[in-house]
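Structure first, commentary second.
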Amino acid sequence: MDNLIWIFISALLVNNFVLAYFLGLCPFLGVSSKLETSFRLGLATTFVLIITALCSWFLNTYVLTHAPYLRLISFIVVIASTVQFIEMAIKKLSPALFQSLGIFLPLITTNCAILGLAIFATNRGYGLWEGLTFALGAGAGFTLAMVLMAGMREEAEIGSVPALVRGTAFNLIISGILSMAFMGFAGLFSST
Amino acid sequence: MGLFFSLRNSFDHGVHPRHHKEQTAELPIQRVPFVARYVMPLGQHIGAPAKPVVKVGERVQRGQLIAEAGAFVSTTLHSPVTGTVRDIGPHRYIDGNFRPAIEIEADPYATQQLPPRPAIDWQGLSIDEFIAQVQAAGIVGMGGAAFPSHVKYAIPEGQQIDDLLVNGAECEPYLTTDHRLMVERPEAVIRGTEIVRQKLGAKRATIGVEKNKPDAIALLKQHVGELPIEVLGLEVKYPQGAEKMLIKAAYNREVPAGALPRDIGVAVNNVGTVVAIADYFDTGMPLIERVVTVAGPGVAEPANLIVPLGTPIREVLRFCGGLKESTREVIMGGPMMGTPIADLDAPILKGSSGILAFTASETGRPQEYPCIRCGRCLEACPYFLNPSRLAKLGKARLFEQMRDDYHLMDCVECGACTFACPSGIPIVQHIRTAKDDLRQQKVRSEKQ
Amino acid sequence: MNELLTAPAIMTGLGLFFGVILAVAYKLLRVEEDSRIARTEELLPGTNCGACGEPGCLPFAQKLVVGEVEPSKCTVASSDDIDEIADFLGVDAGEAEKRVARLKCAGGKAQAFQIAEYDGFESCRAAAVVSGGGKGCSWGCLGLADCGVVCDFDAIQMNDNGLPVVDIDKCTACGDCVDACPKDLFELLPLSRKLYVQCNTPLAGESVTVLCSVGCDGCAKCAADAAPGLIEMKNELPLIHYESGLPVTPKATSRCPTGAIQWLEGGQFVEEESQNESRYAQLH
Amino acid sequence: MSKQDPKLLLQPAPLLRQGMTTPAAMRDVWLALLPATAAALWYFGLAALLVLVASIAGSVLTEWAFTPKERRAITLRDNSAALTGLLLGLTLPPALPLWMAFVGGAVAIGIGKLIWGGLGANIFNPALVGRAFLLATFPIAMTSWTVQQGPAEFFTVHASNLTAPFMQAPVMDTLSAATPLGQMKFEQSATPLWDLLIGNTAGSIGETSALLLLLGGIYLFLRRDLDWRIPVGIFASAALFSAILYGVDAERYPSALFTLLSGGMLLGALFMATDPVTSPVTPKGAWVFAIGVGFLVVLIRVFGGFPEGMMYAILLMNAATPLIDRWTQPRVFGRNKGGSA
Amino acid sequence: MSSGLPIMEKEPSSTTLVAALAIAGFLSGIIIIGVYLATFDTIAENKARELREAVFRVLPNVTRMQKLRYDGSELVVLPDNAKDDEETIYGGYNDAGEFVGYAIVNAGPGFQDTVRVIYGYRPAERKVVGMWILESRETPGLGDKIYKDAAFVANFDNLGVDPEIVAVKKGTKSRANEIDAITGATISSKAVVRIMNEAHKKWDARLPVTAPALQQAAE
Amino acid sequence: MAISSKKMNPYDEMMKGLWRDNPVFVQVLGMCPMLAVTNSAINAIAMGLATFFVLVGSSFLVSSLKRWIPKQVRISVYIVIIATFVTVVDYVLLATVPAIHKELGAFIPLIVANCLILGRQEAFASRYPVKLAVMDAIGMATGFLLAMFALGSVREILGEGKLFGVSLFGDNFEPWVIMILPPGGFITLGLLLLLFNWVGERKQAFIAQVAEAERGKA
């Protein structure tokens, strides 16, 4: 249990996927301009991360013991196909859900947070529950970072950021400051 | 909480500007002599403009009807002088724009006496007749907004006025018109209050006066006698006179946003308004003159004056010894909400409570710094809006967001936020600009 | 040797498995939508990188089709691709004739009289709500550049005379300046309408000339000089009936005492002399 | 028309102003910090003064260099850049190489303020951005604390202060000391409260004297320059959280009073969390912000890797400020909480 | 793309799609297995060397090793290429094939992220005889001293485990079971100690004083 | 498919990736490896080269095979192709330079997810002839490599006082630890981008100036 809590806190705060591991930066930098969208992207990402944890546990346990060299390619194919299937299903079954979360799915499958989760979980030898906790923590951490970032960007958007700085340079620098602030969580619950 | 409020007699937030009333508070009201030319804009009240009933060249008597109400929410105009109609066409209004107006050249030989008329027996009037009389008298709210008073008295079916609140707060600095009226004509204030109270069927009336006018409070209390009228001293705080704040202070009730006082059973009138009503029913004089405070550091001889409507501001100032050399700005109304005047030839209107002249030392535009989000404006705003945000969005021209997310339209433009802002940000002006833009967009989209 | 077989076997298996699932899903679960969206998505890079600020290429395509975003927001597509998308989507925009924003006022600092001095922040609308901003003519341009600020195409520049000059090459007739101007001074007109009245005041005669040296005083000489019926005086201003089909010539400008009516070759307020020159050249 | 009139000015109402100005508010903060700064010089001598000067110089020069010429006069006159430098300096160790203090000041203004668009536009507290940068960049120098040498040795300057730019500071074992929080965290030993109160401890230049900091805070409160909700909320939530932990295990966890008086708590809560620019404008938001800071400080101090959490707590809540502001709009007069009439 | 494809070109049949994917999968499988087999030996060798080096580093005088696994009651010897798991440790033997000590691997949270530690343990003396860090993301210049600072690593060369290992402030080490923590990286130091203590608690009772004899000669 | 009939010059296609359409500075793609493995110049170059290989290889393959890949499954097929290349790189690096492989860690497999690679397949390789596709890939990959190298060397120089492991400032240099840490990555790239923008703006201003001067002469 302790272990699960640490995995969760670590992925959420200490080793935040975006701010400490540099995973999922494309959507983090690209789609964090609006709060609403960011939050929904965060939720959708958490969902895909959980699917990923399930898929990769399944592959690790039943397939890759026989062919470890297929790890990368099978992760990709399986995760991408599963998510694509879910995307189609949502689109058909619930257009409303598709508009609010489903449209993010292609964006998410192409980002490295997903594959990163699968690879980290495998490297660390996480079991099913650990993997799911890791996915949940990473997803929550991604959402947290997205939402904070979107709040700041919306504020700066109507502010007086100099034209030269506006855009990616600015987003990177404020991500840097945010990442610096998150350093405060270093060592959380791992000391004493 | 409730007890606390009733002890304090005030509302939450607000600011405490110096009231600067000492210049004119003790000066009795004087009459200004008649001048050569008068301009009566057809739309000097809220609602539809009045429709002229006279022609160019026609001779008119003082007090004669010259324009009739253009609609129910509109009122009549009467000639302030005996003379000749010279022009009906665009004339410069105090807001700098040209508006249709009737120009009357005074007859220098006329006596300018009002034809005597018998007092009207108001007690015998039905409410509808009363409303018609008030409209015929051209009476509008004298508290600044110039809202036709008869409209206020037309209470819709199913509603009932329980309380009449007479607004003697006069919270704007410098102005002393209401103060002088209450001191010099307390009996008229009480009589006007009683007329309106009885006609509206209100159970009680309250006259709210800021505590910095103790003489007025004492005199009114003397004159109340047995009548169900309460004279209430209020905390000295701006904008105590804004009607929703006054209701909060007097009765600790909130008028819902977008609703009117009558929706919670209250009617609010300025003391000048009730005096105008008393005068009309006593002497038959329609609204052709009003009390104006002329003050401010730029005026040679500050005074409280009775001025015929339509008198050019220039003439009023001349009567007060003219403007000092150092004058930089003249405004109509109080220094917190008044309108800067671009052209001194613009006329005194039904809603003009003051003409104030300021010199460079008051009008120096403060150095503007960026908003440091200190929150002083939030703590000043009596409406609990977020002026800091409104100004920021205004600067970014995000007017819709101001309206939809930050209740732009609830702002009464009292100026408390701007007064409090240490960064000298013209918050109210951003708000007015936004409202103006949205208004114009709406007009445009309706046109299409 | 065993391994030599497992790998291709597993991979083929996976390929088959998901190929079948997706193919079946594709048949069963497909949803019809605007075919232009799919076509637009085709033209996009399909990176789904989010750099455009949308959650992927499909949502971006959806917004493109309804015109909420511009193709150039996509950082990945080459400029050719972007042109192509613009072409594809532009098919039904169908602009027949170029229109530009025209200003109904020529009363700059040098021509129009100021009666008071506005002292607030730089914005026409802000000035307009402070007693009209102090300009004598309350219909004229305040010169504080709200129109220039809102123009996304950088097409409006204030000249030394305090009037906005529209760069007719950059102007896309988007109408933002029309919405922004508190005095309603801009109108979007075809470039071919060369006879133009640069004034907005409903005053007439001396009331105008004391306020502004180039205002229309409502003398109606232009109407007299033009083909009968082409110009009608309305609200003390000439109204030009282009739709009447009557011949429009520079002659209408010849006797205007103030120059309020102009023959525009290109932009407004381009160097004053050259415009007058061309006016005279046309006349003689 | 009246061409002969003096041309009247049209300045929109209100014409009257409170009289408080933004530069004056900044000046008040300078005044409020004066006693604590003086005490710091008393305790740490000339070295502290030099560090303060270096960080102020870094701030002011950066502000000057990157502001367009036409706005320079105004931006520098509003006193805020120098204030940022001072506040940053007050959070640095007295023996820090001066060049690092200078870099800190430059980063504080450059990244903490100017890229956002200058005064009022930044979301993170610039002084703390500068400090967080320094701590992450030069962690060893930034955590080398010295014992107080007292006024007798006022003119002592540490060798490390004078390190050449980009060079390593010499290790100074003789003077080195642990801060009360360091001792608490790693040795579970609490410094006597009286010492904390008068500032007789190791620590950053300006954080040691609790009493004088409180005095400055009270001055700011009386001048209405700070939002009282923020320090009160921080103290209350930090004290509560810490008291609960203390109740659980008094051996391991510090008492509430120790939490309030030690480290950057007072300097942070009174002067940095209250930075109006980077804290919520709404009154309710101020409470949320303050409670968040109080909670995070104790969390980081007690369960995290760093002995001191004030800086990170404030920076983290700064990041959340736009969201807090948005979700804590005041109830508009005549409307219910949801905003409808 | 997922759906709503333009109905402009004729659609290939589902079988084509499936076939294309299957073929791609098949070909890629072949390529991958080819590369895998071609590099297999080198990689395996690299890995083994790395592990061997680590074990030799923490167990002085050891030149040979073998994998051991606790099967619930006793240690059994595993072949070298067996998969490691949590119950695996390594036995170290000297030239003569005599048992020297165990090398134990354990991981746990450090300052920033998981730290993986390997240490050598001699049950006979109840002493740790060496420590090395296999994996960590501790801060460069601070936390990374747990393996870059020779003095710190040397702490573990002859370290008592009873009652447990304790990290004390630098320079105050006085007992056999104490180590000097790194100044500025107390947390990482303590993390290493905690990870070792945890491992020791788990393994203490399981480890016989002499391990199973060396079975195959490691070269 | 949108195959523009305009004549395209392979050399231009290559050059545009270096500056005008630089994948990092302009297109903002592949940010994760860009930041994650640039804490030293050598890692940055290794990652850049790995990406180079994968990008060029898969562009070649995709462009050559484009006629046989049904559109509906093209993404899946591209992914399979890319993943195959990545796996190859992964194993080769592991076998030849295990130390660097360990440093780059999980980020080698993550090349698959680098939007830059799939993006080039979709946007370019699948539409243009092999020669152009390869040149484009070379240009883009070089642009990426250069950006990686720029960031990696700045971070290594300030963060460790070294370049390619060679000490530059002597022993007494105080390393800027933050440069190696995540915040340093973000901030440095942000500042580099700022510099890039600034240079771009300068260039524009200069061009405008020259044009102005010429117009003045004419």
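Per-chain numbering from 1; labels A, B, C, D, E and F assigned in written order.
By definition in this document, a contact is a pair of C-beta atoms (placed from the backbone, for glycine too) under 8 Å apart; a residue touches a chain by one contact, two chains touch by 3 or more.
Nothing here was measured: the structure is a model prediction, and the numbers come from that model.
Asks: Which chains contact both chain A and chain F?
Replies: Where chain A and chain F share a partner, that partner set is C, D, E.
Asks: From the centre of chain B, which chain's CA centre is farthest?
Replies: So the chain farthest away from chain B turns out to be E.
Asks: For the chain pair with the highest number of C-beta contact pairs, give its two chain identifiers.
Replies: B-D
Asks: Mind checking the centre-to-centre distance between chain A and chain B? Centres are C-alpha means, answer in whole Å.
Replies: The computed centroid separation for chain A versus chain B comes out at 60 Å.
Asks: For chain B versus chain C, what separation do you get between their C-alpha means, in angstrom?
Replies: A distance of 42 Å separates the two centres.
Asks: Distance between chain B and chain F based on Cα centroids, please, to the nearest Å.
Replies: Distance between chain centres, rounded to whole Å: 69 Å.
Asks: How many Å are there between the centre of chain A and the centre of chain E, using C-alpha atoms for each centre?
Replies: So the centre of chain A lies 28 Å away from the centre of chain E.
Asks: Would you please write down the residue numbers of chain D that are in contact with two or more other chains?
Replies: Only 1-2, 8-12, 111, 118, 121, 133, 136, 139, 305 qualify.
Asks: Do you know which chain C residues sit against two or more other chains?
Replies: 3, 6-7, 10-11, 14-15, 18-19, 22, 26, 29-31, 42, 46-49, 51, 57-58, 115-116, 119-120, 126, 129-131, 133-134
Asks: What positions in chain E touch 2 or more of the other chains?
Replies: 1-3, 5, 17, 20-21, 24-25, 28-29, 32-33, 36, 111, 139, 141-142, 187
Asks: Which pairs of chains touch each other in this structure?
Replies: Touch list across chains, by label: A-B, A-C, A-D, A-E, A-F, B-C, B-D, C-D, C-E, C-F, D-E, D-F, E-F.
Asks: Which of the residues in chain C end up touching chain D in this complex?
Replies: It comes out as residues 113-120, 126-127, 129-131, 133-134, 136, 210-211.
Asks: Flag every residue of chain E that touches chain A in the complex, lowest number first.
Replies: Residue positions touching the partner: 2-3, 25, 28-29, 32-33, 36, 108-114, 187, 190-191.
Asks: Give every residue of chain C touching chain B within the complex, in rising order.
Replies: Listed in rising order, the residues are 115-116, 119-121, 123, 125-126, 128-135, 138, 149-150, 179-180, 182, 184, 202-203, 207.
Asks: What residues on chain F touch chain A, complex-wise?
Replies: Touch residues, chain F against chain A: 28-32, 35-36, 76, 79-80, 83-84, 86-87, 90-91, 106, 109-110, 112-115, 118, 178, 181-187, 189-191, 193-194, 197-198, 201.
Asks: Give every residue of chain D touching chain A within the complex, in rising order.
Replies: 111-112, 114-118, 121, 123-124, 129, 132-133, 136, 252, 296, 299-300, 303-306, 309, 311-313, 315-316, 318-323, 326
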